[in-house]
Structure formats: C-alpha cells, structure tokens
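What follows is a set of structures to go through.
Two complexes follow with chain A in common, the first pairing it with chain B and the second with chain C.
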Partner chain A sequence: MAAEQSMQTPATAPGDTRIHNIGYRSYDGPRLGRGYARLSLYSQSLRGSYGLGRSVKSKVLPMLLFVVMCVPAAIMVAVAVATKANDLPVDYTRYAIVMQAVISLYVASQAPTSVSRDLRFKTVPLYFSRPIETADYVRAKYAALASALFILTAAPLLVLYVGALLAKLDFTDQTKGFAQGLVSVALLSLLFAGIGLVIASVTPRRGFGIAAVIAVLTISYGAVSTLQAIADVQGNGDAGTWIGLFSPITLIDGVQSAFLGASSAFPGGVGPDNAEGVVFVLFTLGLIAASYGLLVRRYKKVGL
Partner chain B sequence: MIATESLSKRFPRVTALDRLSVDVGPGVTGLVGANGAGKSTLIKILLGLSPATEGRAEVLGLDVVTKGPAIRERVGYMPEHDCLPPDVSATEFVVHMARMSGLPPTAARERTADTLRHVGLYEERYRPIGGYSTGMKQRVKLAQALVHDPQLVFLDEPTNGLDPVGRDEMLGLIRRIHTDFGISVLVTSHLLGELERTCDHVVVIDGGKLLRSSSTTDFTQTTTTLAIEVTDTDEHPDGTRAVREALHARGVSVTDGSGLPGAGHVLLLTAQGEETYDLVRDVIADLGLGLVRMEQRRHHISEVFTDSDDQRDEQRKEAVGHGS
Partner chain C sequence: MYDPTVARLTYRALLGRRRALILGALPLLLIAISLAVRGLAGADDQTAADVLGGLALATMVPIIGVIAGTGAIGPEIDDGSVVYLLSKPIKRPTIIYTKLIVAIAVTMVFSAVPTLIAGFVLNGNGQQVAVAYTVAALVASIAYAALFLLLGTISRHAVVFGLVYALVWEALFGSLVPGARTLSVQQWALAVAQKVSGGDLVTSDVSLTTATVLLAVVTVLATWYAGQKLRSLTLAGEE
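Let's turn to the complex of A and B:
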C-alpha cells in the first residue's frame, strides 16, 4: 500500500515525472503449443506435490514425510560407518517395503491434492479450453505424481548408497543393489501414483480422496498379508504367493524378489520364482496401464 | 469470426441446439437466451470440446472438429461457473494459465502483470484468491481468458452475481476488450438490457433455435421516443394532462406510457427532429410547469422476446383451435 502511494504521488504532482498508461500491448511472441503446455502442467504439479508454489501449510506434510523417509536411511548409514559393518542393515530393495506406511501416507495426501482440487474448484474446463487434450492432462498429472513418489523413494536409497561408499563397502555390490533398488522404486512409484490418482479423480472432496486411498492401500495390504500368513501356517506356500498379487506393495515385493535379487518379505521368506514372477510383472504393468486408461476415460467425461 | 451451419446438438433427452446457422463478425457480439437456451453448449462446440450431432462450425476460419487445438490457442474462454483455486494468488494462477496457453515463462509473467492491471486488479493480486470478492474473482476469470492475447474471447455470463456497479464496470471492460485491446468478443447473457449497451451485434437463441441475429442499432433504431415527465402546479393540478392537451392542440400525438414504470405521469411522443424538443420545451414553459425529465427512450431488445412469445401463444391457440 505504501509503495502504491509513493508511486502515485509523483504521478499527480504537476511538472514532475509522470507514469503514463501505456495501454494495451498485444503479444506477438512465440506460442509454444501443446507439448510445452503439458510440460508446464507437469512441472507445476510436481512442484505442487511438495507444496512448492503453494501455501506454507501445504508444504508441511510432504516435506515432513520426505524427512521421515530419509532419516532412517541416514541413521543406518551412520551406524554402518561407526561400526565398520560389512553390509548395510537393510537392502536397497527392502527399504521401500519397510517404509510403505510413509509412502502410502504420501500418496494418500498428494494424489487428491493433485487432481481433486482441479475437480472441486472446476479448474479442469480451463485446462481443456487451452491447446492440451484430455490425454495430455492425464499424462502430465500421472507423470508428476509418479516423479514425486520416485523422489520420495529414491532419495533415501541415494543416502544409503553414498553412505555405503563412504563406509568403503564393496563398490560393485553396492552399485548393483542401488540400481536394483531404483528399478524397484520406479515401478512402485508408477503403480502407487496410478492407483492413487484413479481413486482421487473420482471425488472432488479431498478428505474422501485421502481416506479412500489410505483405505485401499492399507486394507489390501492387511488382508493379503493376513491371508499369506494363514496360507504359510497351513503349509500352502503356493497359494500364499498368488495371494500376493492382490495388494500393491506385495506385488512390488513379488516382482523384485523374482527379478531384482531382493529377499522377499512374504511369510516364510519365499517369494515367487521366475515363472511366477513373470505373472507378477505382467500384473503390475497391467495395473499401471489400467490406471492410465481409467484416468483418460474419467477425464473424457469431466472435461465438459 | 464464427460461422455455424445447421449445427445441432442432441442429448438423449433434450435437444440443446437445433439446426443453428449463424454468422458472427468482428466486434462485440451478444448471445442472448434464457437459461437452457443452448448458449453454453454452443460455446463448448465452438471450442472443439464437445462434438456436434450434425452440422458444422468454424471459428477464425478453422473447423472445430479437426482444428480444435489450433482454435483453443487463439481464443480465450471465461466459464460461467467458479473456476479458481482459493489457495493461490491471482498472479500465480494467471501465470500458470498463460503457460498452459503456450506462452514462454518470461512472457507469461509480463502478460499476467499487464492483463491483471487492465482488468483492474492491483496490489490484491498477490493475495490468495480465496479472500477475493465476487467482482474481483470475475476479473481474475476474465484475466485468464485474455492473458494469451487471443483474437476472440468467449465470455459465458460474465456479469453473473455482480451488483449493479460491478455489472457496469464489467460491461465497460468488455467494451474495452474490443475497442482498446482489439479482441473480438462473444458474450452470453440472459439480461438483454446489458447486451444492448455493450454489443455491436446481438444473436438471440431460444430452445436451441436462432430467433434473430442483427446489429444492435437495427434492434433499437426504428424510432426515437421521447419520454417526458412534468410537475403539477396550483394552476394545473394535473400537469401531465395539461401538457398532453397543449401538445395535442399543436398537432403532436402523445401517448401515456402505459406498462412502463410511472405510467400516468410519463408521456411518450415520437420525436420528428430538433423541432420537437423545442416545441416540448416551449409548451411546458408556457404552462409554467417544471420539467422533471425529458429522455430518449430506445426500444428494448426484450421486445424481441415479447414478440416471439406472442407469436408462440398465437400458434398455440391455433393449435388448440385445430384440435377442438
């Protein structure tokens, strides 16, 4: 306000410098079109997933979860360095499985923030009155949340890796483990982002979205791990393996224990073998594709 | 600017547009119709967002079916409903929307500052939109439609929810979009008086059909009617009547403004030219009355609707007559 007045005062004083109304200027510069618009939406959504460019209040939760994700890794590294251990206390591939509650919370909080807000405040028609198409919107939002999740899950792995190198652990071993971990969390990010967005895009109410995503992720995991335990006790390990298909986290667990050299978190520690692993991989990719398809279908209707 | 040819849009239960053929040139064009007349549906088809059931349409010479993205790059759209997230500032929101229209980051920021200033948002543009008044929100909505300097903007009910002052400001702004910014405008409203003041051309649709399309002057120029109101004095307890008789004696036919506010106190007469004004002045001065007002009264576009309603009533009566 003060700045406004001090700017206006010389403008009204006669004989002094004046601020001229330069009138409307038209724009002749470049228009970068659809691809650029999609990229802009991607970067805006990705930043938004960590509360950047939004209110202070909306930065708290994602930043907090990010810290919670990284602190255990830092502690493990500190312990490994201090005790001159031969290996890290946790495998790279196992880390995300252990921290799944944090990841689920992050998806539950940020998927609705990403899409429910646009639905609730009816901003979607503004996007579709611009060069982008339905598929561009879905791709940008999906890629943004998947990237945000990848940052969340890969950062602690990076901490572990750097720490392991500082502790002078075997380089080849660590690099291989790190790479396997990255592939695993990339797959996990795509899967969780897809499931989270599909659920969140159904409701314009953020609260419902959060509750629904948490419910789907935790109930499916709870049910699957209970059934797996029962199957294990009854000596029916095969059935236990197949049950693993029905919750996102056990699905990722199955994929990585079959192909990424991870030790399975399934009861009994026996994951799917290679043949069964193929089914797990196909199932995962199928779910990711289905999420994308459902989102595109959803926004075909919402666009108007 | 816009051309449609027997454009129809049918939903399972309703026909929103029924073989609508209309041509819209540059300038400010009003699209008038009651709620549900098909105004918003037409805009969605023109943006290439909703396919027409039959017929074709062109915007800026581009076919809406095949050239949707190219059209949307060159037009702006201000929706009827609320569309603003409350937790970001107007600046951030409009910058984002500018980038969504393909403007590079620096240009997006410059154009946002310019556009917000032109629509009349100043220091408040850095505050979250959630705290804005309805009038300010409408300005932000308008700014996001103009930020990429389109050749044409679609404004869907821009005066919705505004108080009379806000309406006047918004209408003035719409006028400036064309005169100062050189951007053509298609503005919808169900209030005819508003568009009469703002538009060069008015298209009236009803039930998805074209009722009338002509320039605003055509609508209202037929005659110039003068409305006169005078005071009463002791000498002439009914001043209005005295004036009517005096004018009648001079050969000017006068009607009382029946059906208008203040009927009985308002006299209407057809102005033939400058002389009529002088005559009225002299007559009233001679009678020693006070002239409360003398104003030009233009025909209102609403009469278009009344006419068509009458016609429809007649048709209905005929139909009933045939039926019995």
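Let's turn to the complex of A and C:
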C-alpha cells in the first residue's frame, strides 16, 4: 500500500492527469433528508419487533407472546358476558401486572434483536454515514420498542374494553378505567423499553442480551417482592412501600395505585399514598430519562 | 472424553470480559438480599427457606444455568466459529462432554456457593436449610446445564426457550397445574434436598426415587442427543 502510494504520488501532479469522463451524473434531485431517515428507521424497527419483514422463524416468538397476552383478556370477557357480571374479573390497570412475565419475555427477546445485531454486524457506522445523528438513532429505536410494547400491552386492554361495552357494563366507569389503564401501560412501555435497550446496547451477542435483560427484570422483581413480603410480616409497611422503588414492575404498580385508582399488588394491598406516589412518579420519569441519556452516551462512540 | 483445550476455550468464552460480571452480579445480589433480610427480620428458619427456595433455587439457578449452558456453545454456533472447532480431530461427543463439564462447573460455582453463603447469613444453617438448598442447587446445576446445552445445539433462540421453560413452565405452570411439577428440574432437586434436610421446611411433590431416575435420564439423554446434534450440525445464516 505504502509502496503503491509513493509510486503514484509523483505521477498525480496537478494538471498532468485527467480522469476520463464516461458520463456518470451525480444525483441532483430532491433528498428526503434526516426526518425521513429517522421515520424509516422507526417504522422498520417497529415492524421488526413483531417479525414483519423478517423470516417466518423470527415472527413466531413475538406473535406467540402477543397471542398469549390477549387470550386471557378474551376469556375474561367471555366469562363476564356469560355470567352477566357487573364488573370485569380484573381491573384494566392490574392486567399488565398479572401478565408481567410475558411482557418481560417480550422485552428481553426484542430489545436485543433491535440493537444487538446492528452492533454485531457493524451496521451502526453505516447508519451514521446517512444524514441521521446519534440522537435520531436512539430516539427511533427507543420509540419503536416503546410503541411495540404499547401495542402488546394496550391490545388486551382494548379487548377488555370492547368486551365490557358489549356486555353492557357501565360506560363512564369502564371508559375511565380504560383510560387509566392506557396511561399506566404507556408509562410501563417507556420504562421497560428504556431498561431493555440500555442493557441490550452493551452487548453484540443476542443471547447474552436476552439473559441479561430477563435477569434484571425478574431478579429485581423477585428480590423486591421477597423483601416486601418480609417487611409486611414484620408489620413494617412503610419500608415495604419504599422497597417497591427498586423494581420496574412494582414502580409502575406504585404509580398507578397512587394516582390511577388501581388497587395495589403490594403485600397487604397497601400501595403508596399521594405524597409517596409523587416520589414513585419522579423515580419512574427519572429512570426513563436516565435510560435515554445512557443510550445517547452509549452511541456517542460507535462500535464496542 | 475430556479435552483440556476445548475446556479452556469454553471457560474463556463464558467468563471472559464482561460476561463474568452478569454471572457474578446475581450471586452478589442474593447475598446482599440475605444480609438485608437478616437485618430486617432476624434469623428465622421459615424466612430462610422462603428466600432460598423462592429466589435462589427458583430464579437464580435456572438463569445462571441458561447463561452457562447455552453460552457454552450457542454463541459459537451463532457466529459460525464452531466450524474451526469441529474441523479438528476431536470427537463431537467429546466436545459436548467437555463443554457440559465446564457449564456444570460454572453453574455450580455461581449458584451453589452463593446459596450456601446466603443460607449461613440467613439463619446459620438452622435445621440444615442452607446445606439442603445447596445440595438442591448442585443437583439442579447438572440437569439444567445438560438441558440448556442441548437447547443451545438445537435452536438459535436457545436462551429464550430456556427462559420460557425456567420461568413460565416451572414457575407459572408449576404453581397452577400440579402435574407440571412432576416434570420440573426444580422439584427433582428439591426431592433430593428434602432427603438431606429431613425436616418439613424443604418439601417436594416428587418422590426421591422418581426424582433421581428422572434427573439421571434427562442429563444422560440430553448430553447424548446434543452429541448427535453436533455430528450433523448445519450452519444457517442470520435471519
């Protein structure tokens, strides 16, 4: 290489050589620009989260989890219609808490597919050779995974809501519950997507990413619920409430039982009151902001 | 049957760089929680059994088993570098056997040792709870490592399937459908632990004979079949 260059350098004196013009023309039409590139990245990532536009094999898992998420809702609606109950068997806000294992598995399987493969096949530099910037990439990926999660968690709520209206349950009551449920799952989607992406963006290995995400989500929940149960037995309910800050799902539980009229799944059924709820909300928003900040920082330097 | 070079490479793949951090974080967390519980609740045999059974054996051991079992072979098959190993004059079952030994050793070190420490922190091994759960973790490590190593050779999504088995089948179905408990590594390991502790704090739904037979059968069959799978391995491109 070096030898070649030293041979060529004297030959390329200015004015001496001319590249033969074979008639290539540069593109001078309109360019779609940064916003369009960001939107494309978002829609491709969102489709990819459900395996659309990918192989049949990669559709199986997300679709299966989506079905598993919706089937219990359909069964509940069927039971409510058949027994002419006055209320749905489960609250809108409680549904995501009950199905948290499915949500965790979805985040764990899809967050690494969203970002780890870009790292492993070194396609991230190619993205950044386009007009998008670090923040665009992070925003598109974050928004895509959060939207995918929102679809996953809101679809069963919609099934419940439509079913409740068909069963002629009280309209205002159901609409209020449905709206509260939507706010809660939106918050949950943002939080889980942020945590999943931060962990997955550290490793180019999909397998390790999945294991790490699921470990963080389940172990933190297991640890927190164990400690809460013990605090409850000890009659130390206050400590139990504060311990809820340390796992994503109990964090959402705390927020919604303080402000969204949900009954808490904490042991003893006593969630945080309004003043404590403010701390829960701030903590949740802080975590979402922190994961966004960490992602932006992570992609300042491309590669590993 | 045991190839030291393959073993060394597998250890490096499992514990190299930051992977040891994931594996090490879980045991540290367990010990930290045990310290917190001891501080909050004092020494209590029932609490100790709950924490060790619910957190250590039901969550930590399977997750470490998944990471070590699939991590021993999965990434190599995934990025295609396994062909360099397969093209060496080493028998395929030897490769599997060596990787199994490594996976078992890693799972045991990162799950059974912290379980023992946590047990002593929680109640100083009262009623043999700590030792019983350590034995359960040791036994479960063998079966999990063999099972997840097999999954690693069968599927590219081995980690997900492993986690679905560990978290959905054992935890969710096991608590709802009593029959599912008979087919759960966790319950087999608990049956052995029950024999060790002798008390009524550690209980299992499976009898000791069934458990030992099933454990042995699952481990041997999974290892054998993984060897067969590796003999006829086809490398696929990324989806």
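Everything that follows uses one rule, which is that the second predicted complex is superposed on the first by the 273 of 304 C-alpha atoms of A that agree within 3 Å, B and C clash if a C-alpha of one lies under 4 Å from a C-alpha of the other, contacts with A are read in each partner's own complex, and residues count from 1 in each chain.
The definition used in the following text is that a residue touches a chain if its C-beta (ideal position, glycine included) is under 8 Å from a C-beta of that chain, and two chains touch if they have at least 3 such contacts.
From a predicted model like this one, the values you see are computed outputs, not experimental measurements.
Judged by the touch definition given at the top, the superposed model places A:117 against both chain B and chain C. When the shared chain is aligned, chain C comes close enough to touch A:239, but chain B does not. In the superposed pair of complexes, A:100 makes contact with neither chain B nor chain C.
With both structures placed on the common chain, the touch criterion links A:284 to neither chain B nor chain C.
In the superposed pair of complexes, A:231 makes contact with chain C only, with no contact to chain B. When the shared chain is aligned, chain B comes close enough to touch A:37, but chain C does not. Of the two partner chains placed by superposition, A:147 touches none, neither chain B nor chain C.
Once chain A of one complex is fitted onto chain A of the other, the partner contacts of A:45 are absent, as it touches neither chain B nor chain C. In the overlay built on the shared chain, the residue A:58 is in contact with chain B and with chain C. Across the two superposed structures, the residue set of chain A contacted by chain B and also by chain C is 54-55, 58, 117, 121.
Contact residues on chain C toward chain A in their complex (touch as defined above): 18-19, 22, 25-26, 29, 33, 36-37, 40-41, 47, 50-51, 54-55, 58-60, 63, 66-67, 70-71, 74-75, 78-79, 156-160, 163-164, 167-168, 171-172, 238-239. Remark: chain B residues 44, 47, 49-50, 69-70, 72-73, 75-77, 79, 81-88, 92, 96-97, 99-104, 107, 111, 114, 118, 122-123, 128, 144, 148-149, 180-182 touch chain A in the complex. In the complex of the two chains, the chain A residues touching chain C come out as 54-55, 57-58, 61, 101, 105, 108-109, 117, 120-121, 202-203, 205-208, 210-212, 214-215, 218-219, 222-223, 226-227, 229-231, 233-234, 236, 239. Chain A meets chain B in the complex at residues 1, 4, 23-27, 29-34, 36-37, 40-41, 44, 53-55, 58, 117-118, 121-123, 125-133, 303-304.
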